[in-house]
Structures are given as C-alpha cells and as structure tokens.
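Two complexes follow with chain A in common, the first pairing it with chain B and the second with chain C.
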Partner chain A sequence: MNGSPKTILKRAAIVSLLFCLGMIVAYGFWLVGLKAESDFMVFVLAVTIAILETGSGGWGVLLGVLYILAYDYFFTMPYHQLRIFNLNDWVACAVFIVVAVILNTLTARLQRQVGIAERDARVLGRLNKMSTGLINSTSAEGACRYSANELSRILDRPVSITLGEPAEDNEAARACYHDGYATGSGESIYALERNKYLPLNSKQGTLGVVAIDCVSGDIDHASKSFVNSVITQTSIAVERNNLEKESVRQEVEMKHERFKTTLLRSISHDLRTPLTGIAGSAEYLRENAETTDAATRDKLLADIVEDSEWLTDMVNSLLDMTRMQDSGAPLEKEPEVVDDVIADAVSRVARRSGTHEISVHAPQKVTLIPMNGQLIRQTLINLIDNALKHTRPGAHIDVGAEQQGDEMVFFVSDNGGGIDPAKLDRVFDLFYTQDRTPAGDGLTSGRQSSIGLGLSICRSIVEAHGGWIRAENNDQGGTTFSFGLPMGQKPEETADAPARKEE
Partner chain B sequence: MAHDEILIVEDDRTISQLLQVAIESKGYRAKIADTTRKGMALFRSDNPALVLLDLGLPDGDGMHLLAQMRLVGKTPIIVVSARDQEEQKIAALDAGADDYVTKPFSTSELLARIRVALRHQADAVSAASAEKLTAGGLVCDIDSRTVTTDGAPVHLTPIEFKLLVVLMRNPGKVLTHRFIQEEVWGYPTSDGYQTLRVFMASLRRKLGERASEPRYVTTEIGVGYRFIAE
Partner chain C sequence: MLRASEEKPVTGIRAICGYIGIVCMLIGLLALVPLLSLLRYAWESVFAPAFIFPGIACMIVGYTLYFVTIRGCGNVELRRRDGAAVVFGTWVCAIIVYALPFVLGKQLTVSQAVFEATSGLTTTGLSIVDVTSCPNIYLVHRTLMHYFGGIGLLLVLTCIVNDTQGLSIYHAEGHTDRLLPSSLKTARAVLVIYTAAILGGIVAYRACSMPLFDAFATSVSAVSTGGFVVDADSIGGYHSAAIEIVSIVLMLVGATNFLQNFLIVHGRFSEALHHEESRAWFLTIAAVSLIGSFVLVAAGSASSWGDALRTSLFQAVSIITTTGFQTIPSFAALPSTLVFLFVLLMLVGSEAGSTAGGMKMYRVLVMSKSLVWMMKSEFGHRRGVRTCKIVRFGKKLECSREERRDVAVFCGLYASAFIVGSFIFTLSGCSFGDAVFEFASCLGNVGVSIGVITPDSPDFVLWTGIAGMFLGRLEIVPVFMGAKRLLDATREWRNLER
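Our next item is the complex of A and B:
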C-alpha cells in the first residue's frame, strides 16, 4: 500500500465507498431474507471492482476482510458480535477470502507484465531516438556529448564521455581505457571509486571511457542493458565520424599534393628556360670575349639581365604565393592611405614602364582603408605589370581608386587590346597563362609565357581581405582589372577629423 | 675619415665581390668583412664613409652590429635584407639605419642609394641647425614658419609643418612611422599610425605631390616615408 498520499487517499475513498454500497445491498438482501451466498456474490463483485480500481496493493483484500467482519457483526447470529456459529457462514467467509487473495495476486502479476512491456517500449523508443541523434552527429566529440547528455538525463546522474587516453591522475579510467574492461564503482577493480568507468570499445581498440557517477548507488539491472546498447551505438558513431574526418583530411592532402606537383612541374619548366639563356649567354661571352663585337655583347648582356629579372619576379611571386597559402591565420591589417599604396606601387613599376604611359587617379578624399599594405601594393604591382606585359609599347595605363558605397574600388585599366571575352573568367586561375599579344604586330620580344601566378596571387590577396576582383574589357579597347575592398568603420570621420581638429 | 671608403659587411662571397666591383667602378674604395667581428674592427680602424650591412650574417646578429656602429657615429648605413625579413628591416631602420635594399637588387639601384646617402649625409649635417631648409623648389623657413613651393606659399597646419621639418632634416633617409611619430608628437600611438598617415597624405597633397611622380616625399608601404628632393 504505497504511493503518494493523494493516491492512498483516493484508494481509501474507493474502498470506503464500495464497502458502504456492499453493506447497503447486504442489508437489503437481509431484509428480503436472501441467504448469505447472495451477499458474498455481491462482495466478490465489489472486491473485484476494488482490485481493478486500486491495483494489487492489498486494498481489495482489506475490503474483503472488512466485509467479513461487518457481515459477521451485523448479519450472522449472534448479531452484534464477532462470532460465527453457522458452518455455512464459515465456509462462505473462507472461500470469499481465498477468492479475494487470488484475484489480488493475478492482478499484481498482470500489472507487473504491463509495466515491463511499457518500460521495454520506452527503452526502445529512447534507443531509437538516440541512434537517430548519433547518426546525425557530425563529429566524434559531438556524438559523445550527445550520448553523455542523454544517459545523464535517463539515468538521472552525471555522465561524461572522454575520447582518447584519460588524464594521468585517473587510474581507474586509465585501466578501463587500456584493458577495455569496466572498472570503478560496482565493478571488480577500483570498486571504491565514486564513478563507474565503461570502455567505448571498437575494432581498433578502446576509443574512450564513459564515466557514470554512482555515488547514489549502482545503476539498476534493467538500465544496464540500456547503457550497454547506448555505449555500443556511441562507439559506432565515434568510429564513423573518425573515418569521415580521416577521409576528408586525406582528400585535402591529396589536393595539396596535386597542387604542389603541378606547381613544381610548371616552375621547373619555367625556370629552366631563362636559366638556359643566362648560362648560355654568359658562357658564350666568356669563351668568345675577344671575338665578340660590341653589339652582340650588349645584346647578350641585356638578355641576361632580362632573364634574371624575370627569375626574380617569379621567385618573389612564389614567395607571395606560399605566404598566402601557408597563413591560415587572418591577415595583419592596418589602416593605410589609399593614395600612398597606389603611389608606392606605381613608383615601383615606373622604372620598367618603358614607353607605356601610366596615369594615377587618387580618390578625392584622403581615405584610410584597413588592409595589409604590402600585399595590396603587390596586387597593384602585379596588375600593372600584367598590363605592361600584355599591351603594345606606348599603350596607356590608368591606375586609381574610387569609393563606391561602402567599398573602395581600385582599378588598373589599359587600352592595349583587351582579352578574349571567353577567357575573362579564367585569367585569375592558377597556372592559367594568357595569350593577349595582338597577333601580327611583331611584338615577340620579352617572355610572354609565365605560369600565371601573378593574377592568381592577386585574387588570393583580395579574397583574404574579404573583397572581390574581376577583369572586364572596357570602352578604350583594353582591359580593366578592378578589385574592391571593404571600407572598414567610419572612414570619412577618421580621414577628416584630425585636419578639422587642428584648424 | 676616409671619404671614399665603403665597408661591405656580407658573408656571401659572390655578392660581396660583385658589390666591390660595382663600387670600385664608381671611384669608391671598398673593404669587405664577412663576419660581424671583422666588420666592427674595420669600422673602427678605417672609419668608412658608408656601410653596406647584410642583416643575415653567420656569426651573429647584424642588428647588434648596427647598434654598435650607431654608438660610434652617424656614418650612413644601408641595410641589405631578404624579402621575407620585413620586420627586421623596420627594426634596423628604427635602430638608425639610413636606408635599405631588398635582395635581389640591381647594382645600379644600389649605387644610386649609395650616392643619395653620401650626399644627404652632408646635407643632413647642415640641415640639423639650419633656419631655412631648401630642397628642389621647396623652401621651409623655420623662424617665420612659412613654406613655399616654386615660390608659391603653402598653408600648413602646425602639425603638417612639424612633419615637413622632420622630413627635410633627414633627407634621403627612410623614416619609419615610429620615428616620425616620436619626433612630431613626442609620444607613441596605439592607432596604427592612422593619424600620422592622414596628416602625411594631406601634407603631400598641399605640396602638390602627384602619385605617379613624387617630387619630395615617397611612401614605403609598411615601413614609413622618405624625403627625396634632388
């Protein structure tokens, strides 16, 4: 007869009501002179109802005993005494009690079975839900967190799951991890620990350890199989996530490897050509010092200088490239004045501009933009160099920047022929080399081939700044390369404020 | 002082020989030191007119040698650095180097730098105490606080004026942001030299500078500024 006070009260009320009803009916039967058997049939009915309503807690049996006492007191000779003279009444009372007890026992058994079935269904539901959750997990750590949360909710005690080797100071957990057996509270080793440690076993060995707080007692037998199946599922989820991570890593590595191979192949090819030129020219000059005329000598020397300059550019580009590729870290940015960056870039290419004309168009206001100045300068240099290389002598190049909304748009524009529209999208691709030289103009001097690092570096740099870059053919019969950089915060104020303050 | 001697502190023999040939072809004398120890010894014994200092030396820190040389005197020092030594370069300029070249460099560019450094060495000595600074068409009268370019007056704010004076007193030398900041404002900044950059940009606009062909001031992005008047 256990349960909350409220259910006890309710069951007592049911029993009292049934007792009163039974007694009223029995009184009626007694008045019309029916025999004891009829009364007992009514009592059996009432006890059955009581057991169905109150369960196997013994309330039905109690009601039966009450009936017998009351019946004996009120309706058997001698009246108003707890004594029975009639053998018929004795038998009726005895059978009645036996029936009540049997009914009670049967109900109890039935209820227990219903309970088991319900719990099994609940456990199955939870396991189902858990396996869905684990299938959806995207990392080994996530799967462990999920399982630990669910277990701790269902077992109503702290549960944690750690992957990999447990901490040095936790001997029980380490034993569990290394031997793959359960340790700690309730187990044969380290039984005095506060926690129970269960291994996350897999084919590759133990993946981690589940720690269950058992300070409030060991987990009950029924939960154990549930815990075991959760652990099995978690192990599978961890294993699956690990495999997925590994395959992603391998794919990235493969791509990287392929990139390196392609790069190396292009570089070694591209390095060999100018090196052959330099070595050949130098050797020729050394061996034919006396016989070479001045014009030939100058021509060979100029070739050596040109080839070595080209090599220098190339090595510098490679350095930029690896710098961009290696640094997973965000760029170091400082506010730079747009004019300064453009001026520095232009002054650095000025000496190789030859007959090309370069005009600079600075923005109207002195504007600061957060950027890595050296890299943006390099971007402008690469774009200007590209324009110098791919346009005829005397072509005009405009370099500048202007604010458009919350962006600063830099441009390098030429009037030197333009690019095949079909190829515009690809000019920024790594290893893509342009063939922009207009056909038939006799412009074959200088090395037009390059491994297409310059523009691809520009793209990497601009994108690392959170900006965009594009190439398009313009009205002047040439190409405009432009890239936009975000302005950062309140550029106007920072630009104007000091000047105003001072005046 | 040996006015035509240039000390080359460089451990790569090919480069030091090339430099020697190039320098001697212009009528200077060249001495080569391949370690910091020899470098310092030659610096003390010969008192050269200029030093070419490679920052990556085998037996020690080029920066340390630079600091030692600066303790002795104001001999112009041009630092030779590799392309990926950006921070070292700035540290060297802050420590008193006059200029830098980045490997690989062309000999003609290097010779031009040497010429500029030697000429401005003389200018700077006279500029340090001068009341009136002149460079090209630019005249800056410190007493009356007036500035003219090609005869036309330029109206500068007090800070712009101070900036110009600092630049003109250090002609040809690469001045780091930090150096200028401390000379003009007298205290360090935490704004990434933002204010300095803005004042510098407005000063250059007032001087009528054009980005494609600067007459007075060039920018070295990430490093600082240089006053270049020829």
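Our next item is the complex of A and C:
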C-alpha cells in the first residue's frame, strides 16, 4: 500500500466508513432476524465498493477481514468470542472469503484495463492531432520544432530535436547520430548522461537527434511507445520537407538549362549573319585590293565596321542579359543627374537616328537619383533604338523624364505607328520580336531586325532598381515606353545648376 | 496524458442523475444519525431497522446511480435548468427516505409520514406526531430533519464535494447571496454560523435549566426556524420568561440573512445594519407586537400589559420568523384581529437568504417601493428621472426593472398558490378564517396550527399541506422548472437510446 499520507488517510476513511455502515446493516439484520447470508451479501457489496473507491485490492481485502472478524465476534454464537459453533456460519465465512478474493482480483484487473483503454484512446487522439500538425509544416526545422513542443508538453519535461550532426562536445548525441540507436539516460551506453538521445531514422540514414531531459526520471513505459510514434512521424515529415526542397532546387536548375539552350539557339543564327558579312567583305577586299576603287573600298570597310559594331552590341547585350539572370550581386547605385544620363544616351544614338527626329524633355529642376548610370543609359539607348527600328521613317521621338510623386518617370514616346494592343504586354518578354517568333525560325533576317533581347534587358535593369516599366499606345498615334525609378532619399536639389553642355 | 477537462462533457440526464445519486448517498447517511440516540435510549433498538433499511438502501441506490452515470468522468457539466432538476429530485428523495422510518416503525400512515417528513425538512413545524408518546429516536429524527433542511441538504453537499457545481445547485435552491468569493468558503461559513448558533442556544437553554434533550431539540428548532418541539405545549409548557427570551434571540438569528450574521460576527457593523430589509422587518415586529398587546388587553385575554406584551411579542417573532413556537394554548381562541395580523405576518415572512420562509421581507419591500415609485412616475413630474434603489448591506443598490418584474411575478404565483390551497382546505369543512390561517402556515413554512391539520385529518388535506410546504420552501418556480427539466431530460435520454 503505497501513496502519500493524504491518500492513505482518504482510503482509511473510506474503509472505516464502509466498515461502520456494514456493521450497522448487520445489526439491523440481526434485529429483524435475517440470517448470515444476507449479511455476507452486503459485505461483499461493501468490499467491492471499497476496492472501486480506494483503487486498491489490498484495502478491499482488509475490509473483508475486518468484517469477518467483527461479524464473528458480535453476531455469531458464541457472542463476543472469536469462535464459531455453527457449521452454517463456517461455510458462509469460507465462501465469503473466496468470493471476496476473486472479486478483489477481478475488480482490480478491470480497473486497470479500463484505465489502459482510456489512456490508449487519449493517446490515439493526440497522435492524430500531431500528424495533422506535421502535415502542415513548411520546413524540416518547423516540423522538428512542432514535435519538440508537443513532446515537451505531454511528457512535461524539456525536449529538443536537432537536425544534422550534433555539437562536438556532446559525445552521447554524436554516438546516437552516427550509429543510429538510442543512447543516454536509461540506455545501454552513456547511461549517466542527463538526457536521453533518440535517433530520427529514415531510409537515407539518421536525420537528427531527439534529446529528452531525464533528470526527473526515465519516461514511463506507456509514454515510450508514444514517443516512438512521434519520432517516426517527425522523421517522415523531415524527409518529406527535404525532398520538397530538393525538388524545388532541381526545378530551378532545369529552368536555367532551358534558358541557356534557348539563348544558344537564338544567337547562333544572329551571330552568323554579320560574321558572314564581315568575312565576305574582308575576303573580297584582300583578293581584290588593287582592282577596287576607293569608293567601293570605303563602302566595304564601312560595312565591316558596321557589322562588327552590331556584333559588339549584340555580344554586350548578351553579356548584360546573362549578368542580369545570374546576378546575385546587388546593383551598384550612385546618385546621378537625370539630365546628364538622358543627354548621354541620346547623343550615343544620334548617329543612328537617320530621318527620325529626337527631342529631349528634361525635368525642370536638376535632380539626382540613385541609379546605376551605365545601366540606365543602356536602357534608354535600347528604348530609343527600339523606337528607331520599329517606326516609320521620319517619325518623331520624345525622350524625357519627370517627377511623379516619389518616383522619377522616364519616357520614350514616338508617333510612328504604335504596337498591336494585344501584344503590348508581351513586348518585354525574352526574345520577343515583332517580325519573328521567339524560337527563332525566321528566314528573314536583316540588319534592321533585332535579337529580341533589348526590351527584356530594359525590364531586368529597371526591376533590379526596384522600379517598373510599361508600354502603352499614346494619342499621337505611336507608343510610349515609360519606366519609373524610386527616388530613394530626398533627391538633392542644387539651387545653382551647372550649365548643361551638349556633348 | 490528456487532462480530464479535455474530454467531452457529460450533461443532461446523466449529469442530473449523477448528482442526485451523490446527494442520495448523503441523505441515506444522515438518515442513520438518529441511531446515535440508541446509545442513550437503548430500549428503543426495536425501531433501529426502520432507520437502517431506508438509510442504507438510499445510500446503495445513490451509489449505484452515481456509479452508472458519472463516476470516472472528469468533466461533468450542469447546464442552465439542470440545477433545478437536481434540487427537485433530491428533495423528493429526501422526503421519501425520511418518511420511511415513520412508516416502517408503524408510527404513522403513509400520508402522515410524508407530511411529517416534509414538515421537518422544510422547517415548517406542523406536527402530527404525539410528542408525549413518541419514541426518542423519532424525536431526534425530526430535529435532525430541521437541521439539515434549514441550511439545505445541498449546502452540506457543497461542503464535502469540492465542486463548482455545488454553488449553482445552492442558488437553484433559492439562496442567492454570496458571502465570500469562493462558493466552498461561503458554504462552509454558513454551516459554521448555523451550527455555532445552535450550540450557543443549547448552552443558553441549559442555563435556563431546560433538560438537555429538550435544549438540543429546541435550539435546533429555533435556529432553523422550524418549530418542532418535544413538549406537548410547545414553549408555553416551560412557563419561563427566560426561555422565551432565549428563544426569541435564536429565532431572530435564524431568520436573519446569513451574510448579515457573518458581517456582525466579523465586526462589520455598519454594513450589517445599513440594511433596509432589516429595518422594515424590525419595524413590522414592533408594530405588530404593540397592536397585538392592545388587542389582547382590550379583549381581556391577558392579565396585564406586561403579560400581553410578552405574549404578543413572542408570537409575533415566532410567526414572522416562520418558526412556529407557541406560548398560548390555542390560536382558535384568539381575537380575529390578531389572527388576521398573524396571517399577514405569515405571508410576509422574514429576511431573504435565511432559514425562514414566507414571501420574504425583501420582496415585500420591493413590491411596496415599486408601488410608490409607480405612483410617483404616474403623478409626479413628467421629466423627472428616477432610479429605484434599495439599501443592502450598507450599499445603495439599484433595483432593476427585471428584478421588480421577477418579484411581482413571484408574488403573483405565491398569491395564486395561497388561494388554491386555502380553497382546498375549506373543502374539509373548516371555517374560512381557519383554512386561510392553516394554509398560510403551510405555504410560509411557519408551523402554527389553528386546528385544521390533526392526526385525524383526511389524506387530501395532508397532501395539500405537503404541496404548500414544498412549494413554499423551494419558492415555487424551481419546483416546476425542476420537474419539467427532469421530464425533458428523461425524454431526451429515451430518444438518444432509440
């Protein structure tokens, strides 16, 4: 009979009460003239109640013995002596004892079973809840944290789950991790440790280690199976999360591969054309150096220069593109004067403008905004180039910028024909051109056609600045390309603007 | 691993039966207490089985009920009306179990036994038993019924069972004041006050040279405002002014709100005495005593002013506290003015939240104040804003519309019951005044008799009386609510089973 003094006192009180009641009943029966059998039936009932309420078979048997003794003393002949004359009474006593013992065992066992069944039902409920929680985990660490919290709460002691190799100084944990079986308190090795270490095992090996604080004693047997179920579920969840991560990574790789293939396919065609031109012209000049007149010679040389410039531009564009795609390096921004950037870009393009007219609308105040000057110049050049290539000759192109709210909006507008509205939002796509599908099967390729990278480069550059870019048809019968860049900190405005000089 | 309160709660008929089971165990145990008197009066052991069998049987049935329904369930919830159902069920069980000893011991017929048991538990005090020839064990039994009924069987339960449900049941019985933050502490405090007063009373009576047994019985009877006595002539039989004074004090203590007693004991006099109900109460007592003495002197029934005042005061206190002690030979011989006044006192009753019965002074106060307020708002200044306030325990509390409505409804129900009951009494052939007096005594749990209820009364008179006492003690509404809830719960259980 173990238990705190309070429990013992409580049980003793219950047994005493039942004893007194039983005796009162015996007294009443005796007065009325009922025989011993009736008394023993009541005693059996009382003993059963005693076992149920005290939860212990021992107390029940004690009550039974007390009953027998008291009954023998008070109510059987000879009265007030512990001897029994009547055979009837002997038999009744004996049977009572046997019945009491059997009942006692049965009841105790039943109580235990009921307790076990109830506990199992609860455990099942808990496990179910945990599975649901683990399914919703978004990362391996998250799943581990969730399981560790739940285990801590249920076992009422600190629990932690770590993934990967444990720290250098924790030998028991490392042993668990590397060998894949339990170590620590209560296990066969490192039994003197404070914690118990259990491995998170999976098909790929040990994923991590579960550390359970056992300073207040080992976990009880019933909890052990629960803990094992939880660990298995956690391993599954961790594995699942890892596989997910792997699959995402592979998808990204695949996308890169696809991009590179498309790129190669596209440029191979475009590179060949100008190279053919250069080779042809150079070959002709070499073979016919004396027989060619100055004018033809100049023309051919000019063609070679033009083609090689075209090649250079293209290679530069490609490099920019790949740099944009691969860049993990942050963009270098510096405050640059908007006016200067625009003027610079326009002057570079001026050579190629041909019959087009380009005019500049600069902002009123001299404003500085943080940007990568070279890239923004490139953007503007691309946009103007685009306008030059895709509008009718003689069209007018406006280039400028103005402040709208906390953004500086640059624009390149033309009145040269506009773009089919259905295709407006696809112009910035990779390899999109007006005269050729992206896959590049066109048989026509002149020097005027582009590789389709220009606008997508613009978009990448602008988006890397944290801005936006769009194209829309304007009311002059042409298209306006505009992009906005955040002004960042308040732009420094200098009162006395240095005089701008046309370069 | 799971905390018990995470399980689905047990409610409805199961919970109700479970609690009834627990209380039945207690009822059964308490029914055995009179057996202690056998230690002194051993020759009465022939009656012992009459107590043992009902008591033990009740305990066994109670335990079985408890075992089958809620034993082992960690989360038992009593919903809104379930408390009333538990109260109803336990009172019915208690009455049956406490009536059985009379029947089994061949003292009374069934109807008479139920009457006596109801009278004891509801602390009415109307008695059919002939106290001169009644065995002592039964006298003890009656006295104990007063003790347990006075504070409510369920209060005792609350003390033993550490349960928050206890308080809802306690309130469902009609006690509404909260002494202390914890319901358990409240219950225990009430029990302590109650028992201490009784013990003090015993000592005081002994000092007035009353026999010990009489002192015990009378003290319990006085503090519980019951009225069972062990002398055939009630208190008058002792012919002692000292005893009468002690009785008056004990009766007043019993009929005072428990919270007030608690405050007085703890020295918080200002809170205790700033209580409108008490003021009205004492005023009423004083007024009736004075008028009564006038009437007695005028009618020539009393020999002197002092005598008249003494009689008048005692009876006024006895009746308004719904105790029922008598110092006069018979109420039938009184002038009808006095009888009329006494009927009024019986209807009014004493303070709410005490052991006394009647409509309760609080309700009467609210009703009369409502009348005044209504008059004022009808005929007073149109735009005046009035809030209706009553001073309780030193605080001015607002009397809300709902409360006034509830009080009015209760008074209406009370009046209806009164009318119906008195009518039935008249069917037994007694006079109008007698019928009214007697039924008022039943309904208000007073216990003075003008002669309608005797050991020879027909059964229907007894059962009307039983109904009156039962309704009065439980304050009418819980009876119907409880019965209906029990019926509903049984029906829903049968539907579930199907």
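Here are some notes:
By our rule, the second predicted complex is superposed on the first by the 347 of 503 C-alpha atoms of A that agree within 3 Å, B and C clash if a C-alpha of one lies under 4 Å from a C-alpha of the other, contacts with A are read in each partner's own complex, and residues count from 1 in each chain.
The criterion applied here is as follows: contacts are C-beta pairs under 8 Å (C-beta built on N, C-alpha and C of every residue); 3 or more make two chains touch, one makes a residue touch a chain.
Predicted model, so just to flag it, every value in this text is computed and none were measured.
Contact with chain C, but none with chain B, is seen for A:V25 once the two complexes are overlaid on the shared chain. When the shared chain is aligned, no partner comes close enough to touch A:L110: not chain B, not chain C. In the superposition on chain A, A:L124 contacts neither chain B nor chain C. Contacts of A:E334 after superposition on the shared chain: chain B is touched, whereas chain C is not. Residue contacts after overlaying the shared chain place A:I154 against chain C, while chain B stays out of touching range.
Contacts of A:I342 after superposition: chain B is touched, whereas chain C is not reached.
With both structures placed on the common chain, the touch criterion links A:I49 to chain C but leaves chain B unconnected. After overlaying the two complexes on the shared chain, residue contacts for A:V248 are found with neither chain B nor chain C.
Ranked by how many residues of chain A each touches, chain B and chain C are led by B.
Remark: chain C residues 1-2, 32, 35, 45-46, 48-49, 52-53, 56, 59-60, 63, 67, 72 touch chain A in the complex.
Residue ranges of chain B in contact with chain A, taken from their complex: 83-84, 86, 104, 157-159, 191-195, 197-202, 204-205, 210-214, 218-222. Of all residues in chain A, those touching chain C in their complex are 21, 24-25, 27-28, 31-32, 42, 45, 49, 52, 114, 119, 122-123, 125-126, 154, 223, 226. Every residue of chain A that touches chain B in the complex is listed here, in rising order: 308, 312, 316, 319, 323, 334-337, 339-344, 346-347, 350, 358-360, 362, 366, 368, 373-374, 377, 494-495, 498-499, 502-503.
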